[in-house]
Structure formats: C-alpha cells, structure tokens
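Two complexes are shown next, each including chain A; its partner changes from chain B in the first to chain C in the second.
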Partner chain A sequence: MSVLRSLIVPGWTKYIPGLLLCVVFAILTMNIDHVLHRYTAAHLASAGLPVLLAQHAELEAIGDSDGAARIQKKIDKHEAALQKVGGSVGDEWGWAAFFYETFQFKYVAMLLVFGILIRNTVGVPKIFLPGIGIARPLIKPGIIILGVHYVWTDVLRVGGVGLVLASVFIFGTAITVMWISRRAGVSDGLGGIMGAGTGVCGVSAIIATAPVVGAKPRDMAYAIGTILLFGTVMLFVMPYLGTAIGLSQSQFGAWSALAILNTAQLIAAAEWFGEEARDTAVLINAARIMLIPLIVMFAVWFYGLKGKGRDAGFWATMRAKFPIFILGFFALILLNSLHLPIFGGPKVVDSPFWAMDVVYKWLFAIGFAGIGLSISIDDMRKAGGVAFLIGSGAAIAKMILGLVVVLLLGTELLRVTGGL
Partner chain B sequence: MDSDTDSAERDDRPILIAVDGESHTHAAIAEAARLARSLDRPVRILHVEDPYLKQFSNEIYAQGREEYLEHVDRCLAEDGHETVRVARDRLREDGIESEALIRKGEPLDAIRAELESAAYSLLIVGRKPRSGGWWRQRRDLPARLAAAGCSTPLLIVPGEKTSNCKPGTTADGEKD
Partner chain C sequence: MESSTNTEPDKGSERKEQGLSSAKREDIWALIIALVVLALAMLAPDAIHSFFEKGLYFL
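Take a look at the complex of A and B:
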C-alpha cells in the first residue's frame, strides 16, 4: 500500500484542471485539422477528377489496362474524398486548401498560435497553470512511441550522421560561446548556461547546467528568456523558410534539429513541416540530448569548478543528467527492427505498433497545447543584456551553418526509411 | 474622543516598502527614509522571492530537476537576505530602524496579501527607468499594483538610469 501511495504525486489534484484544458484544446484543434484536411482533399479531388477520368478513358482506348487500373485507384480515392463531404465535381473549397495547403495551418500551428494568443491576451487563470506545465512533458512518451518509426539502419545512418553533426554543433557552439563570454568578462554562471543552452537543447540544458556553474536567478531569467525568444521566432520562421528554399522533408528535419535552440520548439517545427521531417529531427535530437551530461562535464572543466566541489564525477553526472527515457525510444527501435509479426508496424492497421502510432499524435497534441499555452511574451521580455547578444549570435550562426550543412549532405543520408 | 483615538492609531501604521534588490529600488528606499522621518512612522521592508524560474523545470528534456529547484531556492533565499540587509543598512544610515519581511510567491499576490494582513499607511515601490511604451509600462509591477485597487495609498518612485545593478532576483521578475 505504501508503495502504491509513493507512486502518487503529492498534490496531484492541482494538475487536473490544466491537463483537462490541454486535452479539450487538443481535441478541438485535432478536429478542426481533420475537417480542414477533409475539405482540402475534396477540393483537390474536385479539380483533379475530370483530368483523371480523361486519362483513364485514353488509357482504356489504347488498351493499357495496367495504367488504367492505376488511374482507377486514384479516381476511387478522389471519389471517396468527395463523398466524405457530400460534394461533387466542380464544387470548390478553396478556403480549406488555402489554410491547410498554402498557409500550412495544421494542428501544430493551430495549437501554438491559438495557445500563444490565449495566454497573452485573455490570459490563463492560475488554476490551470500547474496542469499546463506538466502537459508539455507528455511529448516525451510520444517520442518513445515514435521509436516504432525507425529501424537500426536508420539509427546507424541518420543517427550516426546526426551524432557527428550534433557533436560538432554542440561543442562548437558551447566552446565558442563560453570562450567569447569569458573574454567579454561575462560571469561563469551566465557564460556556462548560455553555452549549454545555445549548444544543446535550450532550457533543458540550462536546467541541467545552472546548479553546476552556479548561475544566478537573474542570469537564468535572461538566458531562458533569450532561448525562448529565439526558439519561438525560429519555430514560426523556419518552416516557411524551408519551404521557400525548397528543402526536402529530411533536410528540414536535420536543419531544425541542428539550429532551433529549444527542444519543444524544434519538435513542433519539424512536426509542422511534415512526418518525414519529424522522424529525422527526433532521431538527430535523440543523439543531441544524450550529450547533455558531457556538456555539463565540459562546463565543469572549462570553468575550473572541479576544485570548488561542483564536480560530481563522471558516473554520478551521467546518472543525474542522462535522459533515461531515451532508452525506451531505442528499445522500441530494436523491437521494430526485429520485424516480429506480433507487434506489426505503424502502417499495419490494428496491430500494437499501429495503435501506439495513433496514441503518439494525441500525446504530441496535448503537449503542444501545453507549449502554446505556456509561451508568455512576459517570459521572452526578460531576454536582454549580454545573454541576448550571445543568443542572437548563436541562433543566426547555427541557422546559417546548419542550412549549409544539410544542403551539402542532401536528402538520402538524412532520410528515415522505417525499414521500407 | 473616538475620532482622536482613530487618528492616533492611524498615525502608528507603518510604511511598507517593497524591495527587489535592483538599482531602481534605491530611490524608493531613500524616499521611504525621508517620509518615515518627516511623518514619524515605522518602516517595514518587504521582499518577495518570486518562484518564476521554477516553472521551467517542466521542460521536456530537463535533467536534474531536483538539483535545479534546490539551486533556485537557495539563490532566491541568499539574494533575498542580501536585498533586505542592503535596504536596512540604507535606512539605518538615516537613523531609521526597520522590520524585514520575506515572503514567497508571485510578487503582486504577496504584496496584496501583506497589505490585507496588516494595516499600513503607505506602500512604496520603485519603478524601473525605461524607454518602453505604454505596453511595457502597463504590465510592470507598479502598474499592476495601481490597477489592483488596494485601499492602502501607493507611492511609485521612479528609479534613475544607472548601471549599478547587483545580480539577483527582482520583485516583479523583470530586468532593468
């Protein structure tokens, strides 16, 4: 009984209202996304069906039955799309296509934009705040489940490339930022958290590093505000930039994993851009966050904190700072790589992995609802001083260098196949 | 007689000054000292430890949450005691002894709770010197205190632009 009691978080009831709010917000948004998607498909079908019918007739006339059968499948799909909204050829739903296709206003964007608008205009009553705070980490089980999208060859190829890139970018950024900070006379606390924050995964890395380098609350407020500011700006700018530049899904996934300063924003940006982008981004980010303990140890060495009792030792630091949940992600990759029939796959309808794949999207949606409702302009207003200068320099440098690298690497090396 | 007694009681009500350790509160402390001397009122110093930074321990990949939370608590406590010590020393220079209160929570809520828990003749807060527009000004702590409609009179003392800032938390969780 005492074991059971110890599993319950003290004061758990305070989390209920905010969590429920995020669930309701996610359900509403996912339904709007579903409706927009349905009408967009119908709009495209309405325009495309006459062309397909003409092609079908031509192929039948010349006796190409294989080609005609292929076109027939597309015709069936288009007719089904029209049937779902009760429409017919000639009907138009341009508004849906504009929002969903042209403007890319999908569930991620809706949750973030509406969440930010609510938080910063009408505000969120205090009773909801604890639950909103713990909705964000629900993305974590979602990431573990995403393990079913990969096989070991993906880990070796994309993850291997990702690990090399992440290491270069992380240590390159951290070393540069810490060195410049020291030369500029910035305190060890601020230089340390900005090096870790801009190098690894934003606020998560600041939380891991702040106690070690002895960052002051004021420094933390500056650093977190700066990371959130640039993370949020990049979240909304990079998907449109990626489209304008013509990046492939995989290239964008790698770019966001290397360039976006904060984890939550990078996952949101990649999911927004597309499923392939998200798969690449999550895998490279997994490689990136495994380096958190190393960057903490680097900060201890760089600032000479060993003699000040801040060095907990290699294994103790690994135990305290290693993201253990990532092992669950790799365990699922292992299971998926074995191709056991009992688990099926994300595309095998009614199989366990298919069911898990459905769940992940809901966990992401609730997490994104939490992120949107947590993004406060007041928090970002705290960005300033030296932290802002360091953050803006690192953000711009990582964005440009990351883009150059993914353009040089191309798509194939960064593409997650999932064993297909 | 009743009226005289009431007025005598009101005279004893202390002045409350909210401090956050930032440079702009120096002007507010000086003003509190001047008023306390001329009105012959006791002064209470209030510092609020704002747990604003703790909310970020819920970041997706945050590692070492407990250590981070302990670190924030420790720093806020250290900064709080230092802030109060500096304010008391400054008042003592003018021959005014003061009582110090340290509270935890959202600054606006904590200040309002203190005003409701005891009778004060005046609340003094400093305002950061800034070039921002009405948007920034209307969301800062003095503006929100004024909008909160407390019955205690509020005196907002504008700070002077200076680079003499000490690191530490701020009562309204903002930077200079």
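Take a look at the complex of A and C:
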C-alpha cells in the first residue's frame, strides 16, 4: 500500500497545466508534420508517376507480369498520395519537400526547435514548469510499447553487440574521465558524476551516482548542464553529419546510442534520422542503461568509498538503481517473439500489437515537447570551467570513437529485423 | 532522556525505505501506462488504431 501511496506525489495537480501544454504542443506539431508529409509524398508522386507508368507499359509489353504487378503497387501508392491533396501529375509542392526531405524538418526537429525558441524568447510561465518536467519521462512508456517492433533474435544480435559496445564505451569513458578529473584537481564529487554522466546515461547516471560520491548540488548542476548542452548540440548536428557521411539507418542508430548521453535526446536524434535508426538506438540504449547500477558500483570502488557508512552492496545497488521500465520493454519483445494469436503483431491488421504500434509516437511527441520546452540557455550556462572542458573532451571523443566503431561494424550486425 | 523503544528507530527506517525515488516512480508509471495501452488495444484494437492514426489529425 505504501508503494501505491508513493506513486501519487503530493500536490500532483501542479503537473496538469504543463502536461496539457506539452500534449497540445505535440498534437499541433504532429499535425504540421502530417501536412508536410502529405504534400511531400504528393510532390514526389507527381514527379515519379510518369516514370512508373512508362515502366509499367514496358513490362506489360514484354510480358513480365510479376514486374508489372510490383510497379502497379507503386503506381497505386503514388495515385493515392496525389488524391489526398487533390492534385495531379505536374503539380509541385517543392516548399513541403524542402522542409521535410531536404531539411529533415520533421516532428522531432519542430518540437525541439520551437520548444527551445518558446522557452528562451517569450518564456514559459512558472505554472507550466512542473508539468513540462514530467512530460519528458513519457518517453519511457513509448520505449516499452516499442517492444512490439522487436523479436529475440534482434535482442541477441543487436543487443549483444550493443552490450559489448556499451560496456567498452561506458567503462572506458568513465575510467578516463574520473582519472582526468583527479589529475585536474576536480573534487571527487564532480569527477565521479562527470564520469558516470559521460560514461553511461547522462542525467540518470548523475542522479544515481551523486549521493554515492557525495556530489554537491552545485556539482550536479554543472554536470547536468554540461551533459544537456552537449546532448542538445549533438542532437541537432549528428543527423546532418550522419547524412553527409552516408551512414545507414542502423549505423546511425548505434552511433547516436553511443555518443548521445541522454535517453530522450538520443531517441530524438535517431527518430529524426529514421525509424530503422530509432529501432537500433533503443536496443543499444537499453543495454547501456542496464549498466547504470554497475557504474555506480564502479564509482564506489574508484573513490574508495567502501565502509564510509553507506550501504553500497551489489544487490542493494542493483535494486535501487536498475531501470525497471526496461523489463516491460523486454516482456513485450518476448510476447511478440512468441507470435501468439491473442496479441498478433505490428503488421497483423486488427490485432492488439498492430494498434499499439501507432501509440508510441504520440508518447514520444509529448516527451520531445517536454524536452524542447525545458531547454533553457541559462541552464546550459551553468556548465562552466573544468566541468565543461572535461565534458566536451569526453563528448567529442565518444562521438568520434563511436563513429569509427559503427563504420567498422557495418549495417547488418546492427539492423533490427522485427522477425522479417 | 529515556532511550526510545526498539520500535521507534525501526519505524523511522521503515518510513525511509517506503518512499520511492523519482526514477522508480517514473518507471512504475511507465509500466502502468504501457499496460493500460495494451489492455485498451486488446479490447478495441481498431478504435485505438483509428484514433491515434487518424482521429488526432485535424489538418
């Protein structure tokens, strides 16, 4: 009963205005995205349809009925796209294609850019701030529901690779940052949480490690500010870099999961790049955040905190720090892998998993609205001095090393198949 | 001053252990929300799909 009581935070009504704001912001942005997508599809259809019709005629002339049938499906899709906007072949909607395809200005980018602009120009009244703070964690149920996209072979392959990569990157970064921090004369508190934050999962790891290493609130503000600043910069820069370098969807997903330190930001970057990228990023991130309890234990060992009156035993730490929502994610993967008729699958029309597959995006949208509206330039200014230098060095190193690794691994090992 | 009875320090530590951290609270709510979505999807998959795929788009 006490656990149930703990679920309801006293004064919970203060979260309602901000949460509603994020919901409205998300719905408006998804609608704009929908319009851009519709007109972009029509623009591409208008240009592509004459070519497809010519190909279809050629294939029919030579008697290739299979080839003609395949082209006919594409023709039907293009004609439907034109019908949706009431257009015809020859019409152009270049403005939509410019924003949506060329500039990749989709719902993720819109929520972040407009959110940051609103927060740092007109501002957000204080009444909305608590609710904006709890909108961000709505990405977690989105991640759980995304479990219907995967089967266990994906987890073993991509997740296995992810676990190895994550372990190497996490402990390598954490050890390096903690060692450099000590050499630079940074306090154990700040060094410990910078090591955890730049190694594992940004803000979650900082919050988990802070009490263990005795970090001061000012240290936490510096560390969180640095992580958020670099997360925000990489979130905007990496999708364009990934396109310029020619990364595949799954390579980008792995790269974002290794280089961006905050779950919400890395999922935003991957979703921005593409759905396949997001699927890979979520799996590798799941491997990474499961290591949070271990990095806390490592911090205890590194700073010699055993026996300082804190119970930092292995199982106590695991119980306290393990991100239990990930169990829901894996449970849905298991159910999807069993192909039970009662649940169906994401491609089985009228089945529960087919219905759930369209819900996660809305939870992500509300979460991204929360991220955009919560990024304040003032918070980022808190990342000053040594913390900034250590954080920037670690962030850039991880970005470069992560890129090298995903280029070497290639696409197939990182691709989520969903059982197909 | 009389020392407190054995039950007093136990109650105090019990109270500390009963409160959830905000991360744990978020995780449990995430599981609850996902379960609610699963339950609704099992009861009315077509309605759920239609609402989120078409109903929320007004432009």
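In the analysis below, the second predicted complex is superposed on the first by the 410 of 420 C-alpha atoms of A that agree within 3 Å, B and C clash if a C-alpha of one lies under 4 Å from a C-alpha of the other, contacts with A are read in each partner's own complex, and residues count from 1 in each chain.
One rule holds in what follows: a contact is a pair of C-beta atoms (placed from the backbone, for glycine too) under 8 Å apart; a residue touches a chain by one contact, two chains touch by 3 or more.
A quick note: this is a predicted structure, and the numbers were derived from the prediction, not measured.
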item	value
Which of chain B and chain C A:Thr173 touches, first, second, both or neither	neither
Which of chain B and chain C A:Ala264 touches, first, second, both or neither	first
Touching partner for A:Pro323 - first (chain B), second (chain C), both, neither	both
Touched partner set for A:Asp378, first chain B, second chain C, both or neither	first
Touched partner set for A:Ile289, first chain B, second chain C, both or neither	first
Touched partner set for A:Thr226, first chain B, second chain C, both or neither	neither
Which of chain B and chain C A:Ser181 touches, first, second, both or neither	neither
First, second, both or neither for A:Ser250, with chain B first and chain C second	neither
Partner chain(s) touched by A:Ser46 [first = chain B, second = chain C, both, neither]	neither
Common ground on chain A, meaning residues reached by chain C in one complex and by chain B in the other	134, 137, 140, 204, 207-208, 320, 323
Parts of chain C lying in touch with chain A, wherever the complex brings them together	18-21, 23-31, 33-35, 37-38, 41-42, 44-46, 48-49, 52-53, 56-59
Contact set on chain A toward chain C in their complex	2-3, 6-7, 9, 27, 30-32, 34-35, 134, 137-138, 140-141, 143-145, 204, 207-208, 320, 323-325, 327-328, 332, 342-344, 350-356, 358-359, 361-363
Touching residues on chain A, where the partner in the complex is chain B	129, 133-134, 136-137, 139-140, 187, 201-204, 206-208, 210-211, 214-222, 224, 263-264, 267, 289, 292-293, 320-323, 367, 374, 378, 381-382, 384-385
Of all residues in chain B, those that touch chain A in their complex	52-53, 55-65, 67-68, 70-72, 75-76, 79, 136, 139, 167-170, 173-175
